[in-house]
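Listed below are the structures to be examined.
What follows is chain A paired twice: with chain B in the first complex and chain C in the second.
Let's look at the complex of A and B:
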């Protein structure tokens, strides 16, 4: 890119070819006010605040859309421009009902800040007081059209970042309005609830239900961390006040991995009840609060007693995969190294085993790095989604598929007995009979290899024409990525996974190195757990002979009370958990555990990267990090 | 030096701006040396006399407010809009997006705790205007101090400017709409 030289406000400045005039101004420290501009979104010159005077132009032009050229002579802050800017702000205030004293955004509003800057202490036009709606039917978001300045940032974020294109302008002129789909309520629209519109909104027009009216920006502390909910490892920036999370944003929304989902952005903010804040011990069938020392001693003593009487494998350990690698290592240390049991598992251990066995069937080493990173989805021109609904389970990956669909015109092929969120966008929906996924995958592979797929296709309940369509699309693509998830994993058949890997090898025309395949693992640190605990001979053996068990449950919302059915005859159950639940009911000792936003440490993303997680808020007094609690038990066990 | 005569009124408002005016602490003693309050909720004087500065809190939502404002305007040299309601309509203007009759019905008849309610009518009470308006939609306003309420230091700044013979314009870093 070549350098260009311009004159701005009588000063020579330089920029790059391809820059807009606004880029050059900002890169040279000249602050031109904007409202509709947002870094990373296409500029549309809607708000008119960035108008500048350029010599030889008949009238002021928006600097955000004007390409910078060598030799341009520009003025950015003439009296006329500044007067215009104040007038534009007044017109915005007069157009809709901008009433700061009771607006959610007051104190954190770009329109208000500019009004302050331009000392807009009154509006010279009669205020128009239009009667506008507030749409609050969405689970997490509220659209208040009274505060909207029609800058279109939300619309562009929805289209360009989330690639959902739920929002757009509806009506014309005076009646112009931000609309969802065909003017539906946002809550009933195709919205994927990523919250990008909320993050980019310069006013209080789009707000989140969580964290509103909690204070002003200067009262908040920012914490950078990574989201631990689903294993994608999205970077987050949390605003915290009084040990409560007020808001979670993406630190760089417009970057390829910048999108957040409703789980990461909104769901972590709500306070939940039934929190366990004190260690509990069961006495005569009822829980009694006790000191941590007392509880830890009791656990160590009981495990020691039972092991001495019944042997190492009379004690079993079960952990959630939501906790950090440090905690998982401590868990492994306690169970395998200190107590010496072989009965150790994670709550999602079944998922690991089937994936592991599937990979081993395909390639002896069974290594998880046969998979590629979700980054590849952005480059894909074809995506095969098999037994997965990423927009629900891993929404950021779902949005990446939408991104490929929109920007690369990628074809989406769905292979699923169930309807998933991509059904309406998919080029082909291969709908095998329930339980016939393997046959369907084999039939598709055969079609690609131009082998007669008639028999397996028929077996799977697929007609030949659909199979040929799908095979044609895949064969014509240059970069096809396969995503599989719960629907495949829950079949508990390694042959299906192996068949998918084989398909990936045929699609990629090579079975060496990484294949363009991604498995959507069930939990936030599944991969970390599988690599720490899983690969050291994890097994779900017959737990019915187990006499004592240690279960690290934390705030796992996925596991159901059925996990405890295996421990029906267990004499002693120690459970480390964040919330009281039917699971903790069965425990003899309950140890408090921090929830996601209180945990710290490293997590392994589903593609094997290590991310560092900071705690956003402190756990309640006396609740230690999981690894600290587990290590304490190890020490006490050894010191007996 | 003769004292500067000041009249203050509150129209549709919550009295918060007057409270904020009294919140300037010990500066009020010094201010009292230079300023004489004539008609004002603070002095409880009801008649208008000719003054140098008229200060208005609140927005205009009824015929009474409109009359009071016009009368003050006729009696003062400089008119200052004090607070969000006077400058922009503020909280009182929440009703401006609704039909006036609906507002009255909601307040006097449909209220959950009301049985057999009646909408009060003039001459007993002043008539509501269709919309609640900021002052400058009715009369000429010379200076504005926004805020809900404005900080005491901002009010003091405005009054000090006026005493120095200047029309105050609130600096950006003191501006507040909430």
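Let's look at the complex of A and C:
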């Protein structure tokens, strides 16, 4: 890109071709006020605060949309412009209710800061006092239209970043409002709850239910980390005050991986009430709090005793896939290396085994790196979503599909017996009979290979026309990505996964030779857990003869109390968990464990990248990181 | 378009759209596919099916056109021609342009409110008449003017309304 030279406020400055006048100003340290501009969103020149005077232009022009050219002579802060800006601010304050002391954003508001900057001590216009709705029916967000300045940032973020386009201007004119769908409440609209609108809102119009009235930005500490909820590994920036997370933002919202989802942004902030903060031991059927030393000694001693009596495989280990790689390694160290059992598994072990067997059927080695990164979805011009509903399970991947749908005009093909969130947007919805997914996938593969697919298609309950349509779309695409998830995995049939991999092989490979397929693994560190622990116990372990078990639940919200049914005859059960639940009820010893926002270490994303996670807040006193607790047991076991 | 309550939208939006209407909508959308600025034309033709745009129908239009529902609402709420609420068999338009207003337009509105319980954007209980307030019908010399359907009635006095409305069955 070539350099250009401009004159701004009598000074020679340089910029790049393609910059706007505002870019050049900001890159050269000249502060031009803005409200509707947000880095990464399309500029619309709506707020008129960034107006500048350019020689040979008849009137002031918005610098955010004016392309910088060589030789422009610009003035940014003439008396006329500054008077103008103050007047615009006054009009904004007069239009709706901007009484700062009662606003959630007071102290963290761009409108308020500008009013201070322009020393706006009075408003010369009558305040119009419209009584507008406050929409608080959404689970996490509140929209107070009285605080809205109609800058349209939320609308552009919803359209350009989230690609949901739930928000838009409605009732244009004097009654202009930001409306969701048909002017519905946000909680009842097509909103995907990503929170992008909340992050870009310059005033208190869109606020989150968590973290309001918690203080001013200067009282918060920022912590950079990665989200560990679903295995995508989104970067997050958390604002923390008094060991509580106030809000979680995306550090670079406008980048392709910048979007967060409701799980990462809102849900993980909440700490439930029944938190375990002290080790508990069961005495006469009731839990009693005890010291950590006491509990750890008891666990090590009991495991030693049972192993000596019944052999190595009388002790079993089960872990959630939500904990860090360090904790998983410590768990493996304790169970396999120290105690010497072969009975280890992860709570999502069934999902791992079926995917592993599927890959093994396809090419022998069973390695998970056959898949591509979710990044590829942004480049896709066709997405096949098979037995998955990414907008609920992995919302950021769901949003990536919407991104491809909107920006690349990608066709979405849904292969699912059930309706999912993409069904209404899909070009073709292949709806196989329940349990006939494999036949449906094979029929689609055959249609692509131009082999007669009539028989398997019929078997799957698909009509020939739909199959041909789907095959045509895939054959006509340059970059087709296949996503599969829960719906396929829960069938527990490796043949279905092998069939999908075969289909992916027919569709085409990426530059690096991997298949354009992504499996939505159930948990935050599923891939890490499978690579560390999963491979050790390749069969569904028979836990019925087990005498003692060590179970790491942490704050696994998906754990089903049924997993404990295998341990009915177990003499001794030690459980490491964050919350009291029907699961911990069955334990003999309960050890405290940190929750997601308190954990640290490395996590493996579903495409195999390692991300480092810092703790956002400290765990309660006495609660150690999972790997520390597990290592302590190992040491005590060895030292017996 | 006059303001519509969110309760109404919520109640209406998930109602099933009959198959024959779906087909008509699909045809309208297909006929306009690829044409620039087709949204308004599509909505105009779809409104022609049943005289207004039920929220459930807009949902269907959004599905076929792939235009987000919020964008459709932006268009529908901007043009007074579009209506999310059912219209009467006969639509009464009362002119409130400067000339008609001065000559008694407001009195006509008041009489309609008093005698027929009709307000701007409203509809009579029997569904026979609905009322719209319009800015100018372009015949100021005949003011005050009201239009019922395609008929224009000139120099209307409030006392004549009963007779005029009785012409419409």
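Convention: the second predicted complex is superposed on the first by the 633 of 640 C-alpha atoms of A that agree within 3 Å, B and C clash if a C-alpha of one lies under 4 Å from a C-alpha of the other, contacts with A are read in each partner's own complex, and residues count from 1 in each chain.
Definition applied: contacts are C-beta pairs under 8 Å (C-beta built on N, C-alpha and C of every residue); 3 or more make two chains touch, one makes a residue touch a chain.
All values reported here derive from a predicted model rather than from experimental measurement.
J.: In the superposed model on chain A, is it clash or fit for chain B and chain C?
T.: Taken together on chain A, chain C would fit alongside chain B, as the superposition shows.
J.: Looking at A:139 after the superposition, I want to know if it touches chain B, chain C, both of them or none. Which is it: first, second, both, neither?
T.: The answer is neither, since A:139 touches no partner chain.
J.: Go through the superposed model and pick first if A:102 touches only chain B, second if only chain C, both, or neither.
T.: first
J.: Is A:83 contacted by the first partner chain B, the second partner chain C, both or neither?
T.: Neither partner.
J.: For A:170, using the defined touch cut-off, is the partner it touches chain B, chain C, both, or neither? Pick first, second, both or neither.
T.: In the superposed model, A:170 contacts chain C only, not chain B.
J.: Between chain B and chain C, whom does A:122 touch in the aligned arrangement: first, second, both, or neither?
T.: First partner only.
J.: A:180 contacts which: chain B (first), chain C (second), both, neither?
T.: Second partner only, chain C.
J.: Smallest separation in Å between any Cα of chain B and any Cα of chain C in the superposed model?
T.: Nearest C-alpha pair, chain B versus chain C: 18 Å apart.
J.: Quick check on the output: what are the common chain A residues between the chain B footprint and the chain C footprint?
T.: In chain A, no position sits in both the chain B and chain C interfaces.
J.: Give the list of chain A residues in touch with chain B in this complex.
T.: For chain A paired with chain B, touching residues are 93, 97, 99-103, 106-107, 112, 115-119, 121-124, 126-127, 129-132, 146.
J.: Under the touch definition given earlier, write down the residues of chain A that touch chain C in their complex.
T.: Per the touch definition, chain A meets chain C at residues 159, 165-173, 175, 179-185, 188, 190, 424-425.
J.: Considering the complex alone, what residue numbers of chain B touch chain A?
T.: Going through chain B, the ones touching chain A are 81, 84, 87-91, 93-94, 96-98, 131, 133-134, 136-137, 141, 143-146, 148, 169-173, 175-178.
J.: Provide the residue numbers of chain C that touch chain A in the complex, in ascending order.
T.: Where chain C meets chain A, its residues are 3-4, 6, 9-10, 13, 55, 58, 63, 66, 68-74, 77-78, 84.
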